[in-house]
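What follows is subunit A paired twice: with subunit B in the first complex and subunit C in the second.
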Partner chain A sequence: MRTTKAERATQLASYGYVLAVSVFLLVPLIVSVIRSLTVTLPGGMTTLSIKPYLEIAEYAFWPKVYLSLSISITTILIDTAVGVPAAYALVRYNFLGKRVLFTLLNGVWYVPGICYALSLILAYYFLYKWFLGYWGFIAAYTAGFLLLMLMTCIVAFKYVDPCYEESASCLGAGRLTTFFKVTLPLIGPGVSAGVLLIFVLAFNEFITAFLLNLPTKLMTAPVKVFADITRARATPYIAAEAAVLQLISLAVVIIYLRVVGTKYLRGVVLV
Partner chain B sequence: MKPLALLTPAIALEVGLFFIPLVLLGLVSFTLRDSFFFEPKWTLENYADMFTVYAFDFQITFLLVILAAFVDLLFGFPFAYIMTRRIRRFSDVFRAIMLVPLFGELYIAYGFYYLFLPGGPLGFIFELSGVSAVRAMYSMETAVIALAVYTFPFAVYNIGISLQGIDRAIEDSARCLGAGSVETFLKVTLPMSLPGILGAWLVSIGWGLGAFAIPTLMGGAMVSQRMLSVEMYSIALLQLDLGTASAIGVILALIAVIIFYLSLRASRGALV
Partner chain C sequence: MTKVVAKEVSKLYGPTKAVYRMNLEARDTEFVTILGPSGCGKSTTLRIIAGLIRADEGRVFFDDKDVTDLPPNRRNIGFVFQRVALFPHMNVRRNIAFGLKARRVPAREIDKRTKEVLAIVRMEGFENRSPSQLSGGQAQRIEIARVLATNPDVLLFDEPLSNIDAKLRDELKFEIRKIQRETGKTMVYVTHDQGEAFAISDRIYVMSQGILEQVGTPTELYLDPSTPFVASFIGQNNFIPGKVDRVDPTSGVGTILAQGIEMSTQIPDGFTSGENVTACVRPEDIEILSERQPKPQEATKATIIESIFMGNATRLHVDAKGTILRVDLRGQERFSYLNVKDKEVFLSMKKCTVIKGHQQ
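Now for the complex of A and B:
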């Protein structure tokens, strides 16, 4: 079929519009990267340089990145262990009050971050004093992001036909064997979507970490960026810090999309 | 009770770390200042303050997030329409880009903050046009745009899902019956996607209410236009008035939950 001139023009305009909006969404990332690579020399000249990326070590940035990475990975492990069985139960069993339970499990997602963070701080001071430290971050994020694992796993379980599980058990596999040898490999990609989302959100989480920074004296990487912005405004090394965090997140997203694709993110965060 | 056993860890996690803290927040909101932790002095004063002292903060917060939600609709509807109807090549690239605002509002806030900083890339434009860059940085317009970038993906998911839900056969039959493409759009596609648009609008408002880094670094931090999230933080941790901060938190959480509930009733978008 030959396309007419008008069709080609609309197509071009469509791509142009989507491209323009996408670039606008990328402004923060682009700005951080450009700023982090430009250094003003004593004479007033600006030049390209990777010096800001070397400077961030002097400002003790990398330990904060390791802390953020460690917190996100621990959160992912716990949420996977808790979320996969829960999603399995929500998809494969019917019981009274299932919808209500699902809504309640997701409730935390609908409460503004600052309210959740303040309520957690109060709870840590008043009830769970042992959480005023590293595990307080883990506790906050596992509860806060469990929904992401539930949603992606529920979507994944719906792709898997129960007949595979049934035939496995017909052939003599027990419930556990069936789950680990049949179900889990089949929903693997779905679990990975949950892992991706929890990583991206936990690694960059700001409000809760910001409030927990006071009592715990632990500073995650995004809080470090914020503290530096308020202290030293927009010097290049801060842009380098922000760029590093965004590029790590972007790299994880790109690797994920290369390996798994968008299938398991559709209906969760993608159209 | 097999399902219960599988669900217990998840339920325990949410009860212990979401519902109990939330109840605690509710309790603290009825006590005077930080008395809850020593000798609780019960009072309703915190809630009375919402309608007097903080009424203006509520107004300004809603003004900002509602404006941002309209900006989202204005740019998000064409975006979602094109993504679901017109684009095939590179569609995954654009999808991936939609994930970038999920990295968090901190980077969005920083990006715009730097753009407007005196001596920054856009600073000279403002100086030339006679507007002070600092004023532009702390202006309401900038805050609205930054908030709109933050909530944009959520709006697009909602609209996109409702556009995908429309049976293409209905549009085709409108065409067969003689409607032009504009008429088909105005009389079929647009009305059928209205629930999604409403859902998207509400979702943007809900997410905007939770923004913290954007209002802290840009417009929305100044006393004349301070958003509730910033106000809550400074009342709780700088003035140590936990009672008032909790009361604001309770009201804010209630409003957000109602908004998300209404948006779910209007349309079932992705991730809300």
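Now for the complex of A and C:
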């Protein structure tokens, strides 16, 4: 079947649009990478070099990356373990105050990040002074990001017809078998979306990490980049740090979608 | 083989009585259908039997065992839902194996059983298909196979054919009946389609507004409806309000005088002369007497208002002494009154049922 001129024009426009959006999204990464590879020689000449990437080790950047990764992964594990059953209960069971709870949960979205972070810090200061090390970070992050897992799973559970669970039960499966073999795979897209959102946001979280840096003396990678910028401005090695953070985020998301998204938890919108 | 008994079960949602004091018994190997319009409580009753809904009152027994407090997974039932409930993330083989794995059946036995049940529903070779690759009818067959695989004591079907097109529905209902006969399972089937219920059931429970109206074989319900609801719900009826004119106490045969139309019929016990009744006459039970036929004393003069050809029958609307009646003509006779209008004829009521009170 021949395509008409109008169809070809629409097709070209679509490709152009996708390309423009992609470039727009990737510009910060591209600029960071170019800047990180551009080194100024003593005579004022510039040249391409990977030296800034070697330098970041000297400025103790990698331990901060490991810390950020560790905090993000632990946060995801705890939020998944807590959020999935909580979302299930919220969708499947009726209890007094359910609507109020939903409203409160939704309300948290509208609180500015800095205010929410400060509230968390104050809470931990006053209530859990003993809780301010690594696990203080985890407590703040899990509380802060739990809603992401909760909401994505609530939406997923709402789209799972209860007849699948009833059917499993009539076929002789107990509650746990039904949950792990039937319900959980069916809400896979919701869990996947929650995992990815929490990873990207927790790994790059700045406000809470910055405020927690003072009492805990623990510095995450994004805070380290900020500290380096305030100290040394936008030098190539800081651009290298920024590029590394962006590449890690991108790599983790792509690997996750390839490994998990196409198997057990298929159906993620990005795949 | 199991007998299913629901005894005085009730389910209330606020002031609404979804099911009220419902009694049901499905004997060993019997095919029992719960029939009624939408919202009459038939599915709720079935879900109470399955344990998917907890009754507010009443008990459920499988044989003599009280299963009221047992969850569905401990009742050894097979439940086929209205919507296809095949697990979308599993292929046909894994769907069928699910119930067997839950019962810790060995893998070799699972393979054997899967083949057996697929043969029963005539779906061999579909083991590796995913549910999304099946048509509505195929999916419902696999659903039945999945249920049969676990060898349940009782089969419970909740309007399994309502989302399937008419031709396939007609085919599948007989297949379900055949499967039930071959496997000898006790079955409780829910439907709002009386044609479906009549074609496949041993006995039918008719429900309306949460309560049981009448129990009987398809023939009993059709020929002898005991409540106004059943009379109007099962098949079609002309309702003619009138009075019992006279009753012969020995034979029980009496005469009903309704809107000037006289009808002789068997009067049930408990009716007295002069009592207000409604004569229920099915359109196919009214005979149009030909001009040459002798006219009995009770023959009613009427005028044909309209004639509608419906394929297997011709429906006439006739005016009998001011009462509009529907008359169905079948066989070759249906071609004799095509496009007939304003013609005077004589009607003879071959059969009528009498119910108390005036029913419109």
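Rule of thumb we're sticking to: the second predicted complex is superposed on the first by the 217 of 271 C-alpha atoms of A that agree within 3 Å, B and C clash if a C-alpha of one lies under 4 Å from a C-alpha of the other, contacts with A are read in each partner's own complex, and residues count from 1 in each chain.
Heads up, the rule we're going with is that a residue touches a chain if its C-beta (ideal position, glycine included) is under 8 Å from a C-beta of that chain, and two chains touch if they have at least 3 such contacts.
No experiment lies behind these values; they were computed from the predicted model shown.
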Which of subunit B and subunit C A:P185 touches, first, second, both or neither: second
Touched partner set for A:L201, first subunit B, second subunit C, both or neither: first
First (subunit B), second (subunit C), both or neither touched by A:E7: neither
Comparing the two partners subunit B and subunit C, which touches a greater set of residues in subunit A: B
Partner chain(s) touched by A:G174 [first = subunit B, second = subunit C, both, neither]: second
Subunit B contact footprint on subunit A (complex, rising order): 10-11, 14-15, 17-18, 21-22, 24-32, 34-35, 81-83, 85-86, 88-90, 92-93, 95, 101, 104-105, 107-116, 118-123, 125-127, 139-140, 142-144, 146, 148, 150-151, 197, 200-201, 204-207, 210-211, 214, 222, 225-226, 229-230, 233-234, 238-239, 242, 245-246, 249-250, 253-254, 257, 261-262, 265-271
Of all residues in subunit B, those that touch subunit A in their complex: 2-4, 6-7, 9-11, 13-14, 16-22, 24-25, 28, 36-37, 75, 78-80, 82-84, 86-87, 90, 92, 94-108, 110-115, 117, 120-121, 149, 152-153, 156-157, 160-161, 164, 206, 209-210, 212-213, 217, 229, 232-233, 236-237, 242, 245-246, 249-250, 252-253, 256-257, 260-261, 270-272
Interfacial residue positions of subunit A with respect to subunit C in the complex: 161, 163-164, 166-174, 177, 181-182, 185-186, 188
Complex contacts: residues of subunit C adjacent to subunit A: 50, 52, 71-73, 76-79, 81, 83, 85, 87-89, 98-99, 102-103, 146-147, 150, 156
